[in-house]
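Sharing a structure here in structure tokens format.
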Amino acid sequence: MTETLRYTTSEMLAILAARQLKDGQVVFAGVGVPLLAATLAQRLRCPGLTILFEGGVIGAFVEPGKLPPSTNDQRCTKRANMVLGSAEVLLLLQRGYVDVGFMGGAQIDQYGNLNSSFIGDPAAPKTRLPGTGGGNDISSLTNMIVAMKHEKRRFVEKVDFVTSPGFLRGRRSRAESGLVAGGMFRVITELAIFGFDDDSRRMTVLALNPGVNREEVQDNTGFPLDFHDRVAVTEPPSNHELETLRLLDPERLFIA
Amino acid sequence: MTGYEVQSYARLRENLAQRDRSLREKVMSLSEAASFVQDGMTVGVGGSTMSRTPMAMLWELIRQSRKHLTVARCIVSTDGDLLVGSGVADEIVTSWFAQGILWGLSKVMRHHVESGEKRFQEWSHMAIGMRFRAGAMGVPFMPIRSMLGSDVLRLRPEAKEIDCPFTGEKLLLVPALNPDVALIHVQRCDAYGNAQIDGLQFMDIDLAMAANSVILTTERIVSNDQVRRAPDQTKIPFFCVDAVVETPYGAAPHECYGLYEPMMRHMESYVARVNADPVRGMRDYLDRYVLGPKSWPEFLALIGMEEVLEATSRGRSIYND
Amino acid sequence: MTETLRYTTSEMLAILAARQLKDGQVVFAGVGVPLLAATLAQRLRCPGLTILFEGGVIGAFVEPGKLPPSTNDQRCTKRANMVLGSAEVLLLLQRGYVDVGFMGGAQIDQYGNLNSSFIGDPAAPKTRLPGTGGGNDISSLTNMIVAMKHEKRRFVEKVDFVTSPGFLRGRRSRAESGLVAGGMFRVITELAIFGFDDDSRRMTVLALNPGVNREEVQDNTGFPLDFHDRVAVTEPPSNHELETLRLLDPERLFIA
Amino acid sequence: MTGYEVQSYARLRENLAQRDRSLREKVMSLSEAASFVQDGMTVGVGGSTMSRTPMAMLWELIRQSRKHLTVARCIVSTDGDLLVGSGVADEIVTSWFAQGILWGLSKVMRHHVESGEKRFQEWSHMAIGMRFRAGAMGVPFMPIRSMLGSDVLRLRPEAKEIDCPFTGEKLLLVPALNPDVALIHVQRCDAYGNAQIDGLQFMDIDLAMAANSVILTTERIVSNDQVRRAPDQTKIPFFCVDAVVETPYGAAPHECYGLYEPMMRHMESYVARVNADPVRGMRDYLDRYVLGPKSWPEFLALIGMEEVLEATSRGRSIYND
């Protein structure tokens, strides 16, 4: 590998996630890798992409080197198209204006359910986590892309607590519970890209990252993985992708 | 714990009928305003995370050692730490409770909540907003389409699932939340309480309308004449405000839109201190920064002039282009 | 009578209505006599009175000679404390911020129900009237004062159509229908001032206007009136009241 | 008559998923924009009474002789006359339908409604607002506490009374209203449709969010750069707007806040004409003022330069003090 093609896990996640977005989409993004990925997509291929923040921002304009540290502070509003109440921006998800919700994850299971509330028994938790924030609303109301580190303890058969619903217990259980729109679309890790089977709704390997084999993915996953009929191998980050990304975060706040 | 029950309409109307809604001046000191908050009340807190937190008012409540409060806020950061760590609050009703994205998990929250000594009542972010909105509208509930099917809902028997009488769809009804008092910090208001809020509104307008009383802290008090020149910029009307306290930098060390960004060095020293020891570290912080100073300006002086000025120049820069 | 003490019916209605308001109240007012009366009360005795308009105005400041022609146009907002959405201002009634709703009436019945929708059978109306506007919301959610001309055809036993509920069928029928707050408080005409009996909820004469006797009121009313145990006689408009009122409407748009 | 049924959530989502919500310019002519409105649709109209009525758009729809529209607006004045008198609308969904407080009863409305040829569907003012709000929020209904016990409700089987599952209180659920198209006139917006509205908002924000498509007419088009300098002044976001038409004096002869007041001499001559004979009078008015002119400026010329200038100076005077 040449110097320019070395990259960090975060850079890899941001670049692969960016490739999942389409021009013209409205994306509800968390800070960090999700925001970087959405902004990267905007710069590379999707000039008509719109980014929403939970704090109450529509069409934020992220300036290189001035990434907002959270979705609820004033930096998120710089050069935005609209600033509105935080209930209002979440209601846009419910009304249906948002195409993709994009966030990180702490613990995920085979049906794409996310846990950010409790490690262990909720009644007597080993760890009380920060909770859902807007995560439950986003994952209940639109199509989700999650970018997260791939560790066995994070990829479990059943999450300790369903904070943000994926496909719940699989099959039609999500729709039957009243969640008629949205669902987990893609999970992106440093090892692979995952989708969810249209019937079983179980996590399925769609593509392996360069230099990663099936065993490696399975060994780092706490449940038996399905593999797509034709598992692709993802193109590594290009020079152009890496350079554009690094321009956005010169201090390497989120891509280190 | 009023936060749990939906107040009857008769009771809501009665409470409001009792309030003095006349056009009158209501400027007072932090300590006078604090008297609106009594032990055991449910308190709604404006702003979100590290933005427009009514920090000076919370600081005063800790100094007056209020007890057994239930505190509701859309997203809670170090303000939640201080409320549970100081013993002022028994329960936090929110969607997210950490020290801020940059620092993650709150050791203070973990210490008090995992021990079962304090409660963290979790709702989705939108659900908190719809609970305030129902309260603001004078109805007992709002219908929403999130939380369904999740364990967040399983732990919230206060909400009710229904089949829609119009479409047959499953919906969740979240109960109105009408706090006894709302604490809201704004950029400016007049002596009557007509408030203007710049930039991010969060849920403050619904919160103000929902609460049975409202305490405004404000960066400055402007003339009613100025308010009347741009009435479409008034976000909270005077008659739902019970107290106005002029408190420059009243959200410090958090930010106030267009005026100052968070005072990060102070925040980082706070986080290091309390995460090293959530009990002694918190006690030390409270002694030095909350109980120690004789006044809010003295607290600001402890943050330090240099950091305050830096936060101010970053805060004002939003209008530089 | 001296020159200064001659007055029109509208002047009489405005002045008697103004006397019904208390300082510090929040009053939801229609234009015309209601607005004049509320503004007059503000000038004479109630500096802390707040006037709301249906168009979305809080604490309007009415300048003498510049009366707004409707509650939905920009003149209503001049020097107001707040301008907000029209749903929002109506929701203030529902939340309970408003003490008094104040409007005119076309047809009223013994229980204080108002009709502004249909003359005759709603299925095949003799006249289709303009409808409720905010009238139904105001009368459903707060205490009402109505100022109207006193004619037999306007004061009927039962209105053709209940547009704005008074006490419906009397007794507890209003509360039982779900309207737990508010109700008809006073009706003011050129002949008398009416309240409503606490039990029967029927219209009751509280006071006769100067020079008016019981027979005259009954003869102009389409149902048998109750009279309060001690029917008072209203003080005629004073010089001061008339002068202040006429200053507000120098062109006599509404007091002619 | 879509106005009657609550649309299923699946259908609402599907409609929205189909819309192009990308950041793109969408400036077009009145006649191009009119193509979004098709015969038989339910159309929501912004503004109220004589304020910010999207008159130029309605004028264009009459010129293109749309048919069988159901038109919903919080309060309807001479715009309602023109819609039923021209044959464009079969039904008006509103809380109040006259020619304006000053003139009272509309002979045009009476002629067409009393004959049964056109329908006037009456809701309370707040109920109309809550129907748009439910539509804007993506839920099938809003709970309200008015209309109960009245004959207004007796004629509205579309609404449902319930006993509150939280308090046992009687409540009315009013059904969401999601118009096929919303017509809204604003003081300014950019080429993408980010709109700023000065002064009275009426129900336009909820209407814009509720509708399945939105046509904005605007007094002027400003740069997106200007919009981004004050993002908290944007009231309608670009992605719920499908067409932007720059139409100075687009609310004439009604008013547009801060720019012009109603053109009263024209209004009075209109009222005299149609009330003298609701059929021939209307035909004459339409021939002369709607079908006659080749363009909107030509219609304004018929109102007359002097009256337009007078209305403008009255309109701007709101900012004189």
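We just call them A, B, C and D in the order they show up, numbering each chain from 1.
In this section, contacts are C-beta pairs under 8 Å (C-beta built on N, C-alpha and C of every residue); 3 or more make two chains touch, one makes a residue touch a chain.
Source: prediction; values computed, not measured.
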item: Where subunit A and subunit D overlap in contact partners, by chain label; value: B
item: Partner chains that subunit A and subunit C have in common; value: B, D
item: Averaged-CA centre spacing for the pair subunit D and subunit C, given as whole angstrom; value: 29
item: Distance from subunit D to subunit B - Cα centre to Cα centre, in angstrom; value: 38
item: Chain centre separation in whole Å, for subunit C relative to subunit B (CA means); value: 40
item: Subunit D, residues touching no fewer than two other chains; value: 9, 138-139, 144-145, 169, 171, 199-201, 232, 321
item: Subunit A, residues touching no fewer than two other chains; value: 57, 77, 79, 83-84, 91, 94, 180
item: Set of all touching chain pairs, with the criterion as stated earlier; value: A-B, A-D, B-C, B-D, C-D
item: Subunit D contact footprint on subunit A (complex, rising order); value: 23-26, 47-50, 57-59, 61, 77, 79-84, 91, 94-97, 99, 180-181
item: Subunit D - residues contacting subunit A, complex; value: 9-10, 12-13, 16-17, 20-24, 136-139, 192, 194, 209, 224, 227-228, 231-232, 234, 237-240
item: Residues of subunit A touching subunit B in the complex; value: 31-32, 54-57, 69-79, 83-87, 90-91, 93-94, 117, 122, 124-125, 127-137, 140-141, 161-165, 168, 173-174, 177-180
item: Subunit B-facing residues of subunit D, complex; value: 6, 8-9, 138-145, 160, 162, 164-167, 169, 171, 173, 175-176, 198-201, 229, 232, 321
item: Residue ranges of subunit D in contact with subunit C within the complex; value: 48-51, 74-75, 94-98, 100-102, 104-106, 109-110, 113-114, 116, 120, 122, 124-127, 129-130, 132-133, 144-152, 155, 161, 169-172, 199-203, 205-206, 255, 257-258, 261-262, 315, 318, 321
